[in-house]
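For reference, chains read A, B, C and D in written order, and residue numbers begin at 1 within each chain.
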Amino acid sequence: MSSDRTGQGSIHDRPGPRGRGAERSMVPPAEFTSYYGHNVVKPSPWEHDIPAYLFAGGVAAGSSLLAAGASLTGRPALRRTGRLGALVAFSFSMVALVHDLGRPMRFLHMLRTVKLTSPMSVGTWILSVYGPFAALAALAEVAGLVPAGATQGRLRWAFRLLDRFGGPAGVVAGVTAPSVAAYTAVLLSDTATPSWHSAYRELPFVFCGSAAAASGGLGMIGAPVTQAGPARRFALGGALVELVMERRMERSMGLTAEPLHDGHAGRLMKAAQSLTVLGGVGTLLAGRSRSVAVVSGVALMAGSACTRFGIFEAGQRSAKDPKYTVVPQRERIAREGPTRYPDHPVGGP
Amino acid sequence: MAEAHPVGFQWVMEAKSRGAKVIHVDPRFTRTSAHADTFVPLRVGTDIAFLGGVINYVLQNELDFREYVVAYTNAPTIVSEQFRDTDDLDGLFSGFDPETRTYETASWQYDSQENDGAQREDHEMQRETASALQHETHGLSIDSEVRRDETLQHPNCVYQVLKRHFARYTPEMVALTCGVSEEDFLEVCKAWTENSGRERTTALVYSVGWTQHSVGVQYIRTGAILQLLLGNLGRPGGGIMALRGHASIQGSTDIPTLFNILPGYLPMPNAEQHTTLQEWVDAVRHPGAKGFWANAGAYGVNLLKAYWGDAATSENDFCFDYVPKITGDHGTYRTVLDMIDGKVKGYFLLGQNPAVGSAHGRAQRLGMANLDWLVVRDLFEIESATFWKNSPEVETGEIVPEECRTEVFLMPAASHVEKEGTFTQTQRVLQWREKAVEPPGDCRSELWFFYHLGRMVRERLAASTEEKDRPIQDLAWDYPVHGEHDEPSADAVLREINGYEIATGRPLSLFTEMKDDGSTLGGCWIYTGVYKDGVNQAARRKSRHEQDYVAAEWGWAWPANRRILYNRASADPDGKPWSDRKAYIWWDPDAGESGEWTGQDVPDFERTKPPSYRPPEGADGVAGIAGDDPFIMQGDGKGSLYVPQGLIDGPLPTHYEPVESPFRNPLYGQQANPTRKEYERDENRMNPSPPEEHSEVFPYVFTTSRLTEHHTAGGMSRYVEHLAELQPEMFVEVSPALAAQVGLEHNGWCHVVTARSAVEGRVHITDRLRPLRVEGRTVHQVWLPYHWGSGGIVTGDSANDLFGISLDPNVLIQESKVGTCDVRPGRRPRGQAMRDLVADHSARAGVASGAYPLVVTTGPGAASGGKSDGDPTPDPSSGETT
Amino acid sequence: MFGKRNSLYGPVDPAPETGYVDAPARKGFFTDTSICIGCKACEVACKEWNDVPGEGFDQLGLSYDNTGSLNANSWRHVAFIEQPRKAAEEKAPPVELGMPALRPDGVGATDVGGAGGSDGAEAMDFRWLMSSDVCKHCTHAACLDVCPTGSLFRTEFGTVVVQDDICNGCGYCVPACPFGVIERRKGPQGSKNVGIAQKCTLCYDRLTVGETPSCAKACPTESIQFGDVEELRERAQRRVEDLHGRGVMDARLYGNDPDDGVGGTGAFFLLLDEPEVYGFPPDPVVTTADLPRMFNRATTAGVALLAGAVAAFVGSRR
Amino acid sequence: MSRSFLGWPVLRQLRGSDPLGRGPAVRSKATESLAPRTATADRVARSVCPYCAVGCGQRVFVKDEKVVQIEGDQDSPISRGRLCPKGSASKNLVTSDLRQTTVRYRRPYGTEWEDLDLPTAMEMIADRLVKARNDTWQELDEKDRRVRRTLGVASLGGATLDNEENYLIKKLFTAMGAIQIENQARI
């Protein structure tokens, strides 16, 4: 009885002519009811800290991977770029995460529990493992830069320790890095935010691709072209995955893909696409020119950042408009009836 | 009811869940309407036409509860042949004097009693002194023996008079006048009559939507007539009940802070008729009449003893001479106008905010700005304390702080949890409040303030030898005090109110124990018993789970802890319940020595007087009450369908248009209440109504009321954040049609203009307000809440600024539930431009130059007496001053 | 642990499921909106008891709703919906009301009405719906599941409560809630718990001594009924049948079904129109129901990333 | 994290019945010691709502001489423990920061409030009352009727006050000959 009235379309979401344009031809007519056009779900209270963190976390993860690889394959410049880049990006991530808290002084409460049901808790523990190793590797890298004379003082033991463990630590960081890159997709998807949740199948791939592209880009910027080959391939592969999976994601999202095209988020996503394509093409040529490599690397990093910001913004927008909550649920009801256990609905919350 | 008394409304919802049908008749769709089975919108100010229509339906179809009506009402009583009804006189009753706009009432009396009794009072004086407030409770001054025709066939019996009077109020006329469809109207008629009678009862609940009219008393009368005809009075589930709006507004009427009465509805003596104690007592007890007012002497003496203690003796008429005498209208509106005229020096405001809460806010504030001193006692810094710095008149330049001489004392008051004492709620139940905490800072109770103020005044006058200071010197003002601040004992005051035997100090248990010889004292006879057996009965809190639904052991109801008044009527003339379903009080012949009244409540009857009792020839007072006379406070023991005395504007209710109306009265040539109290002054301009010209300048009808989220003038809600946020701004509700016509935008601004002022608010376009078709025209009604002012967390214009002062003649209550207005888009002008706007409207309406609309619009008075009737109140300041 | 799929989806009794031994009967609200008089006593009583600050002194123009939504500073929210019914729609004056329920041809045409005979002075069928919304205390509570600190927890009464001394304001619970209930407090300045997630606790402190939650206690018409969820569900079923018997065919329950997408809610409702009219999602499903699949996808993606990195180096060996 | 290591919720998760950390394992110290103000109050005063005239029963909970809660009285046959928004806001009303707790004085032609101590204010009011009465005393009216009254002093209010207070107000004013004593009942 609850589904049969939607189709009558007697009432609109909100007053005024807004939102009833021809541009909606790509989606079913959004005739739906709401409470004065108010959002049903709440947008996250997160500000730019979070997309910035998503980006930086990806850069850190990819960089640790490249650093580990470089370390194992003897590419010191790439290793240095990777390790330092990972530490900087990771440090930035932590600042962003803490800054975004309502009570930053209580950051350590994150370690109060291990919540397997909470991507943020899982992520915290992942970062807690990854972070020290990444930091250790980076410190070892820094220690290596210190003039030999200075390593003989009272801290001599520390330098020795770093020298001994820097390599293994970098490998551990590299092994844990993929989870750092991937969990953030779950972080966003495990919400009632329509455009985040409905993206859960492809989003990890988009984010991992984005991480690879950005960190590869960083490697191209930081390492000479001679050492940056893996970085270029990593970046290229990442860019390809990001572009392809993003496209697939949009197709599977239905109506909730709409915010990825409109407004601020839409502009960011377009920019991300262009920058990634540009960076990718550049990468193909970057083996010959350091300057092309730097430009391509910057483009890839910028593209990755735009992807993160775009997806973040699209989600926020989808939460603020009741259409993206109500219409997909109504469509699902029309298709499958109201959700009842044990059947599990396909699609969003 | 859901809007203003949500917790009381639980009982309506309870009834609904048990199958009751709820019908809501209201100009506007409210939260009550949302839960009614039927909502019937009607034009504001036409309730008498509507209810008159129901009465007509009852009488034409003989649906009255005939046994009840014959036995318990004055339906069979025969009215004087000289009586002429509004049908004959185009809206006036016989005896109208167009000069004074009052009636000579000999022709209204019962047959053969035209010239009897001392109560053929001067109606002009009665109007001035709001004497109906006394008369309604004092009953009729009539001989016990009246001519009756129990077949109800006599052409002049009340029943037939009533039938003729309401014959005009046909469904068609109701539809034409009220804007109600005939179907809706008949649905109400059917529901009401089908749910009344032997097995069922219908309750009628009203509030200031009925009282605040120039015919307010007659609104209630119409409801009472209907309830009497249907046998719904004195019975469980029946009644006609005022839902009052303040915690102890009932108490402040019983123990009044009102100019024309003393505690227990004893009249303030007037200088003309009450020069001695005996005259005063006789005026109350109506020698020869039936009923419990016969003991008025004891009630009066006990009050005087409570006031003046040992100084009050039988030799000095118990200091009756100390009581100041009234000579006319000393009501709050008269007083405010006197303030404007500079006649009043000092003013106390005690938990009241007239700058927002009283009609014609501008007059209120201009009055306060022309005092020597003002004492405001309140919890917050209310508008009445700050008129000198932030009132609308400061904005318009009419009040200039540097030129305003009023000295203001804002005295912080203790809240309800910071003092102990009793409130009397709307069903007459007194409930004692325990004190929870000490008041903060300088906050003090009124009890503290007045006790100590009295003490200090007495100290100042202790050495005086002037006669005029004797009442203060002799005043019994010796209350025990306690605590750090010398708080007087509320308990001791309640004991005095209850009364006690002076020699022993034994509290009286019932007012019948009061003596008129000075051996007992008691401050309010109807409250005697609240300290029965030396126990504070008002403090009783036996859980509702431990007693029956009457809950007689929760608090204490006056009189005598009686929960339903006149409950003798719940039994038939023989003393048996009308039905098992509705059994409440009945005669048990086996109880006591030779039978007693018993039941679920305290019987409102002499406990051992059998139904068969018939008074001996010539008996009066209590002995005159027959065993089947349930209305024991009335002079004939009967419920009054027709009221030969006591009402200024007629023995029967008649539809008059509101003073301000866009319509001509469709029933009679007389447009509005001809006897209403008017103050024809330039600052009190009234909008013109037909037959006057230019009523189209103010084409819309407006009404005001409360919101659930606020409390009256906002002094206890706008300053409370958890309430203020719920309704944060003044708004104006209009129908979509009116919005389209005027060009209003939802949640934008508009302003409403009358000849007094203009107020602005946010536009609230809603289908809950519906234009009605009246007399073939469309009438748009506008609704405004009246809670805002310039103070508090949320501020806004005050709707009461829109009203003029025009009063019901019986009790001097103002017509503040209906007026005409103009509605304009946008915010109102500021400063002088605002006064210009009002002046412009007044000029266009032809009321700017002191012209006052006609009052008498029919008969010989229409030409002469109507226009510029003047303000008949004698100028008090011109009196001799010593 | 995810193997017990009931932990994330399907009908369970939440307190025992969470590990309480000898838990008391699950407590909840049944809000019967058909008898709500819109007095907002619940909003105020809640704020008084829970020390929730006042905020937002603006006229919203949403009928009598000036609260707007459930949020950090309003743990109860009374919705008001002015609804001309279909029969009258065509006649109703087409003026912009800002109301939730407008006619299909909704906008413009403000020149009609007021003039001539079509002045709106006709009978119409109109209703004014009121409904007090509150945290649903879901059987599967996304807010609780995603909380990284354990601040949000399940009480022995099966309710979901924020621990003010634990919450660090990460804000994750806010987008997780499918009903848009919980919110991080932004202000007003000086009020307690700023920066912390806030929502109805079902008066957890009162429950511990057997008292009724503040809102339900105040509710003048018993529109808000508090009690054992099992019993309330039966009561609600009887009530909806009773209303159907009286011809109120619009009556339907919302949130009462333990098989629904959130495992049934501890606070559920009797509505007189579609859920979204009141601002409810029509068919909410707890986001964590998909969590195992999300982690699976993420793991795959992570592995792919690792593989990609390896490939990038392996491929370079030339 | 000030508690002992063994109280660390992660360990409680591992030890107890709540491995997912959604219930017993994550309860905080404050949660464990939670008690409602109604239970910890020093005393309860039985009162009546100060707003409209329905007369709903209230219970006023006091802790350390402060009102900590006001809620409906379940025992009341009038209200059955329920309160409307106004009644529910009673604690807010009596504990509001906006309450006036000191005397404010505005001198004639003044543009601002001034402070005044309570005893002085009372003396000043008593002086003015006596003077206004003296200045406007009427023994006889214009028709030579004995009225012994003053029309120079008026009062408005009482519907929000107690019966005992109204009684003293009317008693004092009547003894002083002030008759323009009114309240909301006529408004």
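In this section, a contact is a pair of C-beta atoms (placed from the backbone, for glycine too) under 8 Å apart; a residue touches a chain by one contact, two chains touch by 3 or more.
Here's who's who by UniProt: A = Formate dehydrogenase O putative subunit.
Not measured: the values here are computed from a predicted model.
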item	value
Most centrally placed chain - per-chain CA mean versus overall CA mean	D
Pair joined by the larger number of C-beta contacts - A-D, A-C	A-C
Distance between the centres, which are taken as Cα means, of subunit B and subunit A, whole angstrom	71
Separation of subunit A from subunit D, taking each centre as the mean of its C-alpha atoms, in whole Å	56
Between subunit C and subunit A, distance of the C-alpha-averaged centres to the nearest whole Å	30
Separation of subunit C from subunit D, taking each centre as the mean of its C-alpha atoms, in whole Å	35
Subunit B: positions in contact with at least two other chains	6-7, 10, 708-709, 721-723, 726, 793
Per-residue overlap in subunit A, given as positions that touch at least 2 other chains	112-113, 115-117
For subunit D, residues that touch 2 or more chains besides their own	9, 20-22, 25-26, 70, 82-89, 92
Contact footprint of subunit C on subunit D as seen in their complex	9, 16-31, 34-39, 69-72, 81-89, 91-92
Of subunit D, residues touching subunit A in the complex	1, 8-10, 13, 20-22, 25-26
Subunit B contact footprint on subunit C (complex, rising order)	35, 37-41, 43-44, 47-48, 53-61, 63-64, 66-67, 82, 84, 92-98, 110-115, 119-121, 123-124, 126-130, 220-222
Interface residues, subunit C side, partner subunit A - complex	1-2, 7-11, 62, 68-69, 71, 79, 81, 86, 89, 96-104, 106-108, 142, 145-151, 166-172, 174-185, 194-197, 252, 257-261, 263, 274-291, 293-295, 297-306, 308-313, 315-317
Of subunit C, residues touching subunit D in the complex	1, 7, 15, 18-21, 39-41, 43-45, 47-49, 144-145, 150-151, 153-155, 161, 163-166, 203-206, 208-209, 211, 214, 217-220
